[in-house]
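Next, two complexes with chain A in common: one pairs it with chain B, the other with chain C.
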Partner chain A sequence: MKTYRVDISSWTASFRYPNLISGLQPTLEVPPLSTVLGLINAAAGQYLEHEDLIIGYYFEFAAKATDLETIYMIEAGKNGQGSNSGKSNVIQREFLFENRLSLYCADSKIIDFFREPVFPLLLGRSGDLASVEQIEEIELAEIDHAEKIRGQIIPLKGNFLPGVIQALPKYFTNTFPRQNIGTEPFSVIRYNVFDLTTKIAAFRDHTLQKDGVDIYFHHFKL
Partner chain B sequence: MATIDYKQDYLTQRTGDPFADTGAHVIQLMQEKSPEKTILQLIEEATNIYVRNWGGGINAFFLNSKITQPAFLGERKKEESMAYFQRLLSNEEPYEEGYCRILGQKTKLFSTGRDNHILAGSGTFINFHHGYQEGLKVAKEVIIRMFFVPLGAIQLGKNIAVIGSNLEKVEALFVEDIFKANMVEVSHKQAKGVLKSDFTNPANALFEFASKSLNTSKVVIEEDDQVEIHLYHFTNFGASPEVNLYCFSARLFAFYRKAMKINYRSIWQSFVNDFYRNSKNSGAVYNNATNQYELEVKKEKKNFEYQEYRVWFNVIYHKLLRNQSILKNFLYWSSNKYKQQAVFNIWPVVELYQTQLHNMKKTTLDKIRQIADYLIEDEDKIKRRLNRLRLEVSNVYQLKRFLIQTIGDHYQEKQPARPLITLEEFVDDLFPEGTYGLEIKDLLMIALYERLCEKNIPVELEGEDVLEDDRPNFN
Partner chain C sequence: MKNLKTQGFILIDVDVVALNNAGKSTSTEAENGVATKRIQKNGRSYTYVSGQAWRYWWRNALQKDFNWGLSPIIREAKVAFTAANPIQFADDDVFGYMKAATEVVTDEKGKDKKENITVTRVSPLKNSAIVSVTSVQVVENWSSMSRHEGDAVPYTKQEYSAIMKGMFSLDLEAVGTFAAYNKTGFKNLSAKLREEALAQTGSSEISDPHLPSAKGEAHQLVRLDKSIRTQRISETLSALKFLSGGAMQTNNMADVAPTFVILATTTSGNHPFSHVATSKGSIDQTFELNVDGIEEILRDFKAQIQGKVFIGHRSGFLSSADVQKLEVLKSQYPGVVELGSINDMIDKYVAQVEKQIP
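The block that comes next holds the complex of A and B.
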């Protein structure tokens, strides 16, 4: 299959577990689909209504560490508005270091957004600035029973692959407040696991890792 | 009276959220026990346990809930709690339409905070939620699921543990065991609060659970099942809600499953048992013959059975869970066994460990064993060779020099048709690019110690091996 690949890198990244708020804020080891689609919107400079989007991605990092972070907590005022009253606190936040996100999409319109991104690209928080390393057209070989599934999220249902299991959103609405769409359980599979046995159809990118990585393509409709 | 059909999917379908799914398993178990009861009656049953049996002690789950609220005393906790769930079920609590963050369904959404959801953050501090919403917005079914979590969770040390797995049957097994233990205590009127684990650290608890899942007849783990287990160790109590995640990876599970099989089990267990430590009983040493730890205090001997020491800190479990190498531990264990001149057979376990968890080729391990066999062939040269390897080889360059010297010795002694190590084996098996390095030395030492014991060849060891802090206690 002919497709495009956009390689994005960043020094730091942090992808929160969407429903955990704690004094230690762990990071997912692969971003959810909603983060990747948000990244495309940032590059496009607009909210995109995806009628039929087929997209795959791979994420790897060099290290994971924990940092102390000051947070500011704003108290609720009347009518649900934020009050002027707030206080600071210190939490521990996990973050990923030396990150690479490879995005696969055959739609050249989506890819073109990354040639001149409108808004800054971020991998997590506002400080996790990312940049486009390269964009290229590549050929991926189809694999019926993917073994090298790594650095990706895979729908749990029907696959039940090992990894951190989390309910993750696929996208967010363009409303205020934003609402998550398409939340379902996923296996979050880090980049450095050994081969798995699966029945998943995927496409192998031989240029990733030592023996290649099988990329699963998510089919997303709004 | 408002109710909902708890057999419907939203209360029990898998969501991926470890807390919501634990609650769902508990609901299913209670429903199996009392199929005639409505969800509100099940909530009442759980409330009765929390209030009457546990004295409202679910603070680690819910802060200032109707049950943990200090202002509500005795039966008022139950009344307030039931009134809340009645309002929730009949949509009398404030709600808005939208997509549930956990179920993913478009439905009526209710606000959650630390009083009715685990680690949802405080509704007071609104900048933690989308668009300054007061708390996470979820379906009522999710709030109900959360309410049942205390019956399917266990206290591990100071915090609470919830288990998740990619395989639902494994996850359900953990919840079922805890739920049933809770029900037994309730029926005997012995229940005092959240069920307490004998363990205090997650590593031992996870290995115990993995062991249980392999030995129970309640679930069958097939050979090709890729099982991964996650332990969420958390508290929602007081000013410091926190969560730590521990992962028992699929690869580790596959290794452990094989290590617990008949051909490896006793040697693996004997190795692991040597590495328990306990600060209150420092100096206790493991006796492999009795499978007990022994401690002498003021000339009095104290023995600890497995049931006692299994909860002590174990560095092997600790390292395996953190994906850290235990090869050095194998080496020190072998070295000490050698000093005791005890015959041992750890190599199959080392081989299993290296192939399963470090992707080492079997041919590499076979070659190492073959080199070890050659090194001990000539009894006159063993001492010099062993001590040279132990004391003079401290980097990969020196190891390569040692092996090249060995190839030379082998050639001179035997004039063989085939060298001890071919160029291909040296490059591809022993030193493939960017891989093993000094691991090869450690493996060679383990193989040598084992073979020397097996052949009953005592060698005078010069100098001292450098031992790490996590060395085991030996008798």
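The block that comes next holds the complex of A and C.
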């Protein structure tokens, strides 16, 4: 399959676990689909209504550390909007160091946004500035039974792969306040796991890691 | 709209510091041990300063050296927030805010009613953490508090010497430009503040190119007078010269003002200068300036770079080989690369950006 690949790197990144509000804030080891689609929106400078989007991605990092951070916890008021009460707190937040996100999409319109992104690209928090390293057109070989699934999230249902299982949103609405769209359980599989036999159809990128990574393509409709 | 951004890259060179601490040390045998922030990668340490701490230094420099009246912190019961008034307070404008509140307004029938005036502003200034370029040997040192009679109170702290890198992106279109419509992260002004903003001399309304309304029409943004926006942008960038800060200053005072800086205006949100400082050596211990990388950026992003790229370095910081490479780069790109001392380059970049501001 002919597709484009955008390589994005950042010094730091942090993808928060949904539903955890206080205490240590761990980071997911792979960004959820909503983060990646948000990144595309940042590059596009607008909210995109995806009728039919096929997208795959791979994420790796060099280290994980914990930062001490002041946060402002605002209580939810009416209609889910912020209220006037809350408090500041010092929390431990995990973050990832020296990261790389490879984004695969055959739609050149999506890819073109990364050639001159409108807003700064961020991988998580507002300080996690990221840069586009390169954009290239590549050919990926189809694999019927993927073995090298890693650095990705895979829908749990029907696949039942090991990994951290998390209910993750696929996208957010552009309403006020924002609503999750398509939350479902995913296996979050970090980049450095062993091969395993699956029945998943995927595409192999030979250039990643030592002997390639099988990229699963998510099919997203709004 | 050209979508202009200032893309900046800095290096700081510090000796025996503990710039940003991480609370109680869990690796010490001492009872009172303070740990410094660091990342362990492949068994080696890389020290860092949170992006949040860098912003704190930046804000303080603007207050001390540019007389910015910082937005007052208002405390009501358990909550604290800034005034969220970017018209009056430049730091609210540049650094962003969130304020959840209600305001009593008079409706059309003359009745008082409570209206939600929750406002948020995404910071036009985004900055990375400041991370050591090379691996760093962190040492644990003894100190004691011993000014009084009786036993001294001993404690330990972690200290290091390092060359550290940071980068930032300042959205030149967003400074002094505010939305008053209801979108998460976009409603910067309450209706009252919007009126106040429009009443300012020289302020105007412009169409928002990014977020059309449900009907597909452009929302209107309030934009302050060009002189105010220019002043806020120039001072934010000039403040780099006066950055100071870091924890434990009495014992570990260090100069955290940049010893190397790259400043450029781009038409893109992409930060191109993230890989210009690298490390080499068997344990990543030697700093190296990637001049070839800078050259690659000048070539690859030629169409997105507006005006000149300013590279400033403090004399004695770079090796003579690196300085020579930069001189060659300057001669290869006449009219594109300016090279000089830190403060001179910051001033010259600020003079350039003042002409570029829309």
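Of note:
Note that in this section the second predicted complex is superposed on the first by the 207 of 222 C-alpha atoms of A that agree within 3 Å, B and C clash if a C-alpha of one lies under 4 Å from a C-alpha of the other, contacts with A are read in each partner's own complex, and residues count from 1 in each chain.
Keep this in mind: contacts are C-beta pairs under 8 Å (C-beta built on N, C-alpha and C of every residue); 3 or more make two chains touch, one makes a residue touch a chain.
The shown structure was predicted, so the numbers you read here are calculated from the model rather than taken from an experiment.
On the shared subunit chain A, the superposed partners chain B and chain C are arranged side by side without overlap.
Using the contact criterion defined above for the overlaid structures, shared-chain residue A:F176 touches chain B and also reaches chain C. Of the two partner chains placed by the overlay, neither chain B nor chain C lies in contact with A:E137. Once the two complexes are laid over each other on the shared chain, residue contacts for A:S22 go to chain B alone; chain C is not touched. In the superposition on chain A, A:Q166 makes contact with chain B only, while chain C stays out of contact range.
In the superposition on chain A, A:L156 makes contact with chain B only, not with chain C. An angle of 110 degrees, to the nearest 10, separates chain B from chain C at the C-alpha centre of chain A in the overlay. Once chain A of one complex is fitted onto chain A of the other, the partner contacts of A:T70 are limited to chain C, with no touch recorded for chain B. Applying the stated contact rule after C-alpha superposition, one finds that A:T12 touches chain C and leaves chain B untouched. Of all Cα pairs spanning chain B and chain C in the superposition, the closest are 6 Å apart.
Under the contact criterion defined above, the residues of chain A that touch both chain B in one complex and chain C in the other are 72, 74, 81-82, 86, 176-178. Within the complex formed with chain C, the chain A residues making contact are 9-12, 42-43, 45-47, 62-63, 65-70, 72, 74, 77-78, 81-88, 97-98, 114, 116-122, 125-132, 174, 176-178. Contact residues on chain A toward chain B in their complex (touch as defined above): 18-24, 26, 72-76, 80-82, 86, 156-157, 160-169, 173, 176-187, 193-194, 196-197. Residues 3, 5, 21-23, 37-42, 46, 50-52, 76-81, 98, 100-102, 116, 118, 122-123, 126-129, 131, 167-169, 171, 182-184, 209-212, 267-272, 274-275, 304 of chain C touch chain A in their complex.
Considering their complex, residues 14-18, 20, 98-104, 119-134, 136, 164-168, 224, 226-228, 230, 234, 240-245, 247, 249-251, 359 of chain B touch chain A.
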